[in-house]
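Quick heads-up: structures coming right below.
Shared chain: chain A. Partners: chain B in the first complex, chain C in the second.
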Partner chain A sequence: MPTIRIDGVEYEMEAGKNLLESCLSLGLDLPYFCWHPAMGSVGACRQCAVVQYLTDEDEQSGRGRIVMGCMTPVTDGAIFSLDGDRAKGFRESVVESLMLNHPHDCPVCAEGGECHLQDMTVMVGHRDRVYRGQKNTHRNQYLGPLINHEMNRCITCYRCTRYYKDYAGGTDLAALASHDHVYFGRHQEGVLESEFAGNLVEVCPTGVFTDKTLVNDYTRKWDLQSAPSVCTGCAVGCNTVPGERYGRLKRVHNRFNAEVNGYFLCDRGRFGANFVNNDERLESPGLRNQTGSYDPVDHHHALQVMAEACSGARVAGIGSPRASVEANYLLRNLVGEDNFSPGFNDREHKLVNLALELQQASSAVTPDIRSIESADVILILGEDLTNTAPRLALALRQSVRNKAFEMAADLRLESWQDAAVRNLAQDQLSPLFIAATGSTRLADVAEENITLAPQNIARLGAAVAASISGHAGEDLEPEIAGHVEAISTALRAAKRPLIISGTSCGNAEVMQTAADVAEALCQSGQQTMLTLTVPEANSLGQAMLAGPDSPSLGKLAADGNFDVLVILENDLYHRAPEPEVERLLATADTVIVLDGLDNRTTSAASLVLPAASFAETEGTLVSLEGRAQRHYPVFAPKGERRPAWVWLLACSKELGLSTAADLHHFDDITRDCAANIADLAGITGAAPDHHFRNAGVKIPRQPHRYSGRTAMRADISVHEPKQPVDEESPLAFTMEGLNRSQPGSLLPFVWAPGWNSNQSLHRFQSEVGGPLRGGTAGMRLLGPGQAKESGPRENPPAFSPTQGQWQLVPRYRIFGSEELSALSLGVAELCEDGYIEIRADDALGLEVGEGDGLNLNDGLATLEVKINNSIAAGCIGYAAGHSGTANLTPGENISLQKAQGWKRRRPQLIGSDRSTEIGSGND
Partner chain B sequence: MSEANSMNLISALSQEELQAIDAEIAHVPYRDAVAIDALKIVQAHRGWVSDESLSAIAAHLHMSADELDGIATFYNLIYRRPVGDKVILLCNSISCWIKGCDNLQQRITEELGVELGETTSDNRYTLLPVTCLGACDKAPVMMVGDELHEDLCEESIIRILGGSTTP
Partner chain C sequence: MFKALMSQVRTIWTILQHSFTRAETVQYPEQKPYLAPRYRGRIVLTKDPDGEERCVACNLCAVACPVDCIALQQGVKEDGRWYPEFFRINFSRCIMCGMCEEACPTNAIQLTPDFEMCEYNRSSMVYEKEHLQIEGTGKYHDYNFYRVAGLAITGKDKGQAENEATPIDVKSLLP
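What follows is the complex of A and B.
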């Protein structure tokens, strides 16, 4: 390890790092702007300047040269000065020059109080504004409903375009103009197209890009009450920090987890949690009266009604893959194992259980995100990851750069030399093969984009698996055969191959063959990774809890042998075809629904219990990689709202169930579940229990600068109510306690002296960019499995289109395919109504064009037409999860007719379409 | 962007322009490497690069309009707004400044009635400053259209601008 000297003190450094990150890892304050741990160095801002001396004599005489910390590798014997007057003076003048055009509008800036520019300005000691000239001003752009633009605050560090273009693969944000007119924005105003644009809020070191929903409902960071949470937007399980004030969820920030989401979130995760503030939230328990409307009742009364209904009756329970393991477990105990449905529709039930089974039985490793980013050859079967498991797609954009890093390593170029590595590699990427039912949002970085019907994707997978194991493949359709050789050759040559598939294309064979490919690679001795996506935040946990033999919704409806139906956080109308739901609900005399938001299922209930949202309750969720993670209430639920587990536990006790007798705390449920469900035995390791104390005290949810607590309710009463007491976790709803050195799963916010922005994170990491000092949050429940012996399986049958029929394939959108995020402010503006994607030649035959309506199967659904030539021939895509599409089943063959009397809606346009429209209009 | 859309966009360019751009593309390994040349070609034909032209070039080079605009706006001799028939590039760099370019600019403004960055009402001239024309030994200098004019004085300016007005 190289030893270097900084201001006379010797330090042992890790080789291969740059001086800036090494200094930060040592806890030394070296200011910076353009460098980012996930994006490497370009040396653009000149802020991390230090003085380097060649010899001891130079150091004594002060004869050194200014170098940039981020561009300087640590080499043995190097001598630096951080604190010398020259280095400090230089850094101060850099901030002064960067600030020439800065408006100093901190009091009205949403970044104020967590601004890296503020921190750095204070750190370098730049205090007096000398410049008296005119400042440049800019016009701001409308960048959509999620991100606010205020260009005047820019210090031209270029982090935004480096993140947006280089890291996230966006194409519609550019550095425009030159010298002191540089402008970061779009060619024309419009919604930013990248699904990861929201990270600009955290990447920008000042207030150019800010969270628009926060700006419009503002609270400073120091006034936010926060707790460690887990995103419920998809199954990736990104760690988040939601912040609350006045009982409203104000914003979501990234919570670093080296193995799950690193530094970044997708926009569904960042902006899709606002449904917590939705007006449709249920306030109090409601009992349906004779007129069909609901009478509000208090929680004692509601519990009595529920217990009376359940007592002695045949009760069935429908759990939910968006509810926690604990709530589902209690419901399962309440109704009995045989009467508990995990709440999947039939297809989902089969596919999610298959995803679990395949991973448990695979010799391949289920990778965490760092392993995904290390993959050098990737095969995706049937997934549009950017819209189904978005954070993984962002990780894959880094995986394909491994080719560049290999080229750099050959030249002994450090991987953090970002500009040099990119320049060297140009457009060289590690191979990524995507076979999907239409084009995907990763198409731009894929070596081959193959469009096939789901059955043929499975055939392609099977052929690749056969080719890898050296079996002769059968005769294949030409559209498949042409790709097998390239894919299997690349995979065989890979050091760290990664196979990705999942439930989203609705076809079990696709997932099965993906596992076969991974197995074939394992058999040939390769370290192989296999990722299978599942739909929701706790889908995998539900499969672990209930297993494949539990009843799906369809099976429950068919059995129909019960009086009472208890539905936990599950809008059945959103999940299953309407006739099936109607049949299911009709079988029960009493329907009891626990949920947070009003929906069609709650409207069918005889008793509704308002459940706390993810932000108001604790819970364990199992992510797609089988990681059990705990989320904590950010704030106490208002009024009569209770966490679902509290409702269910109280009801179990009311009924005198022996299974609930020893359960008092949330932790008791977790422990009980771990003891009784083999697959979930590890969940107690997801986080410390409520007895945990950090150096003898609790961990505060509020920063020590939290202000106005006594004044917050003064308009109602000057008597300040007692703060809620959290008896279920080591966190407290106060400022008192210690937010330092705790386990990684208990980090409610990051702050360190002098570091008010999210850049303070490095003070909580073992080294810059490394895992949290307190350990990585969560507990993996899936280890590498043992492959079951199985003979060669039959090749799945090919897709044969029927004349006059099309096969339905689900197509996903980051905004709109997920139920709850679509109800969030901002995100709702970007969601579209349900639609059908159809090839132009098919549209021509049906005499419809873009914006017309199509009838599916004579009235199954009527949806708007979008022309998409990338859809596999013989298939039509539909907007999965969107309004009007719940009756559609993937894989179903349907007929199409032009909808008569359809009223065209003006389509919502994204920016590039709009410029197209303007462009073609002027032709 | 769909194929049809990008074809629509590209149709904003003339055959002549497309041929010239394609000739440049033949010399380079990446299409987007000819971005600057393509902008210059279109500007040579049309005098400036409109938003429509820019989107068309971007589509033809398989890049986003945003990316290309980043390049177009970086260079001050790519005009993203309409200019007059001829652009007057008056050098204001050190040699020309010492030799009194400020007075010359004053004189031009009086003669044509335009400040820096403005176009005459008859659309003949646009007056722009430029940082160097590489003719410091003959300062002060300016370019009018494609012609370089050296050793300027107030009289010669009148002559040049008056002279240029006659066809």
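What follows is the complex of A and C.
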């Protein structure tokens, strides 16, 4: 370990790091702008200047040279000065020049109070503006409903383009013009295309890019009450920090987890939680009266009605993969194991259970996201990750850069030398092979993009597996055969191969063959990783809880003769075809629904109980990598809303169930579940229980500057009530306590003296970029399994298109395919109505064009046409999860007819119209 | 002994002298004392010289308040201005310290020389925006935040604030 001297004090440093990150890891204050722990150094802003001395005599006489901390590797015996007058003076003058054009905006800037530029300006001591010239100004651009642009505030650190283009692979944000005219924006106004654009809000050190929904209903960081939470947008399980004020969820920020999301979230996660504030939220329990409308009742009455209905009756329960393990577990106990459905539709039931089984049985490792970033050859079978598990796609954009890091290592170039490493590698990338039913958003970094029907993706996977294990493959279709050799050669040569597949293409064979490929690689002695995506935040947890033998929705409908049906946070009409749902609901006399938002299923119930959203309750969710993670209530639920587990526990106690007798706290449910469900035995390790205290005190949800406590409720009463007491967790709804060094699962916000922005994170990490001091959040429930001995599997049958019939393949969108995020402010604007994607030649045959309507199977659905030539021949894509597509099943063969009387949403463009539209857009 | 006696006499003399000086005590409330404009009394929200709300809902007064008696919520007007959707001061908690006025970057919140706030009911001491807002500029007559700030609002485009150059044309090739 090299030893260096900084201002006369000797420090032992870790080799291979730069001086800036080493100083920050030591807790020394060294200001910076352009450097970012996830993006490395470019030395652009000149802010982290220090003085370096060659010898001791130089140090004494003050003869040193100014070097940039972020570009200086730590070498043994080096002598630096951070506090010397020259270094300090230089840093102050840099901030002074950066501030020349900075507007007088802080009071009306959404970054104010958590602004890295404010922090750094105070840190260097710059106070008075000497320059008397005019300030440069810029015009802003409209960048969509999610991100606000205020270009005047820019200090040209280039972090935004480095993040957006280099890190996230976006193409539509760039630096324009030169010298002091530099402008960061799009070539013309429009919605930012990248699915990860929201991270600009956190990456930008000042207020150029801010969260638009927050700007329009703004609260300063110091006034936000926050709690550690987990994103419910997809199955990746990114860690988040939602912030609340006045009972409204204001924003979601990233919560660092070294093994999961690191520094970044996707836009669904960042902007898709606003449904918590939706007007359709249920306020109080509703009891259906004779006229069919609902009478609001209080929770005592509602519980009595529920208990009376369930008492002595045959009760079936439908759980939900978007509800917590604990709520589902209580429902399962309430209705009995045999009557509990995990709430999957038939196909999902099969696929999710298969995903779990394959991962448990595979000898390949189920990687966390950090490990995914280390993969050097990747094969994706049937997934458009950017839209199904977005954060994984961002990770893959880093893993394809491993080629560059290898090249850099050969030249002994440090990996944090960002510009040098990128320059060295140019466009050389580690191989990524994607076989999907159409184009994917990762196509630009893939070595080969293969478009096939699902059955043929499975055949490709099987052929690759056979090729790796040396079995002779059978004759393959030319469209498949041409790729097998390249893929298997690359995979065999890989050090850390990664195979990704999942439930989203709706085909079990595809997942099965992906596991086969991973198994074949393991057999040949390679360290293989296998990731299988599942649809929802707790899908895997549901499969672990209920098991493959539990009834799916269809099976429950078929079996069913129940008196009472209890549905937990599950809009069945969104999940299964309408006739099936109608059949299911008709089996029971009484339907009781617990949910947060009004939907078709709650409207079919005789009793509706308002459930708290993820931001108002605690719960454990199991992510796609089998990581159990706890989320905590950010604020107490309003009025008669209660967490689902509270409703179910109260009902169980009302019924006098023996299983509920010993359950008092949330932790008791978690422990009981862990004790009774073998697969979930580890969930108690997801977070400390409610007895945990941080150095003897609770952990505050409010920063110590939280304002307005004696005025917030003064319009209701001047007698301030006691703050709500949180008996279920080590967190408190107050500003009292200690937010330092606690386990990572209990980090409600980051703040450190002098570091008001999110850059203060490094004060909570064991080292810059490393895991949090108190340990990484979450408990892995999946270890490497024992492979079952099996011979070569029979090749799945090939896809044979029939004339006049098309196979439905689901296509996903980051905004719209997920049910709840689509109801969020801003995101809702970006969601489209349901549509189908069809090849141009098929459209020609059906005499339809873009924007026309198509009838599927004579009335199964009528959807708008989009032309997409990347769809596999013989298939049509449909917008999964969107309005009007609930009746469609992946893999189904359907016929198409042009819809009569279809109204186009926009007038059809002809050639000349299009040119005028383009022309007007340039203004 | 003599020294002590003289001290008594001098004291009585001094007191006697006071019988002929002008009384400082005024007959409050019939008579009102003069209070300097900087006196720290009841808080008001002022308007800028153009008659627009000065408060931009930046929350600095609320965070500066040592008794946390100010609560507000920001909103954005159609013309682009930030403003408080509600602004509440709980005067039954206020200690008239003036920290809010010091923190205010737009001179919106000001303390006035009015301290006569007596109520039988504490809830009458809770002032909402309509009770706080006055029509004038208060003690500071000229300052208009939006003339200095870079944020564009209707009627003041980019580059039209004080000390601002006209917006840069990024498509220009000129140096």
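Just so it is clear, the second predicted complex is superposed on the first by the 907 of 923 C-alpha atoms of A that agree within 3 Å, B and C clash if a C-alpha of one lies under 4 Å from a C-alpha of the other, contacts with A are read in each partner's own complex, and residues count from 1 in each chain.
Heads up, the rule we're going with is that contacts are C-beta pairs under 8 Å (C-beta built on N, C-alpha and C of every residue); 3 or more make two chains touch, one makes a residue touch a chain.
What you see is a predicted model, and the numbers here were worked out from it, not measured in a lab.
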item	value
Chain B versus chain C as contact partner of A:869, first or second or both or neither	first
Which of chain B and chain C A:800 touches, first, second, both or neither	neither
Which superposed partner A:188 touches (first chain B, second chain C, both, neither)	first
Touched partner set for A:427, first chain B, second chain C, both or neither	first
Chain B versus chain C as contact partner of A:177, first or second or both or neither	both
First (chain B), second (chain C), both or neither touched by A:900	neither
Per-residue touch tally on chain A - higher for chain B or for chain C	C
Intersection of chain A interface sets (partners chain B, chain C)	176-177, 183
Contacting residues of chain B [partner chain A, same complex]	1-3, 5, 8-9, 11-12, 30, 51-52, 54-56, 63-70, 73-76
Residues of chain A defined as touching chain C within the complex	103-108, 112-113, 134-140, 150, 152-153, 176-177, 179, 181, 183, 185, 215-220, 222-223, 245-246, 705-712, 714-715, 717-718
Chain A contact footprint on chain C (complex, rising order)	56-60, 62-63, 65, 67-76, 82, 88-90, 92-93, 105-106, 122-123, 125-126, 128, 145, 148-152, 158-159, 161, 163-168, 170-172, 175
Residues of chain A touching chain B in the complex	165, 171-178, 183, 186-188, 426-427, 867, 869, 912-913, 915-916, 918-920, 922-923
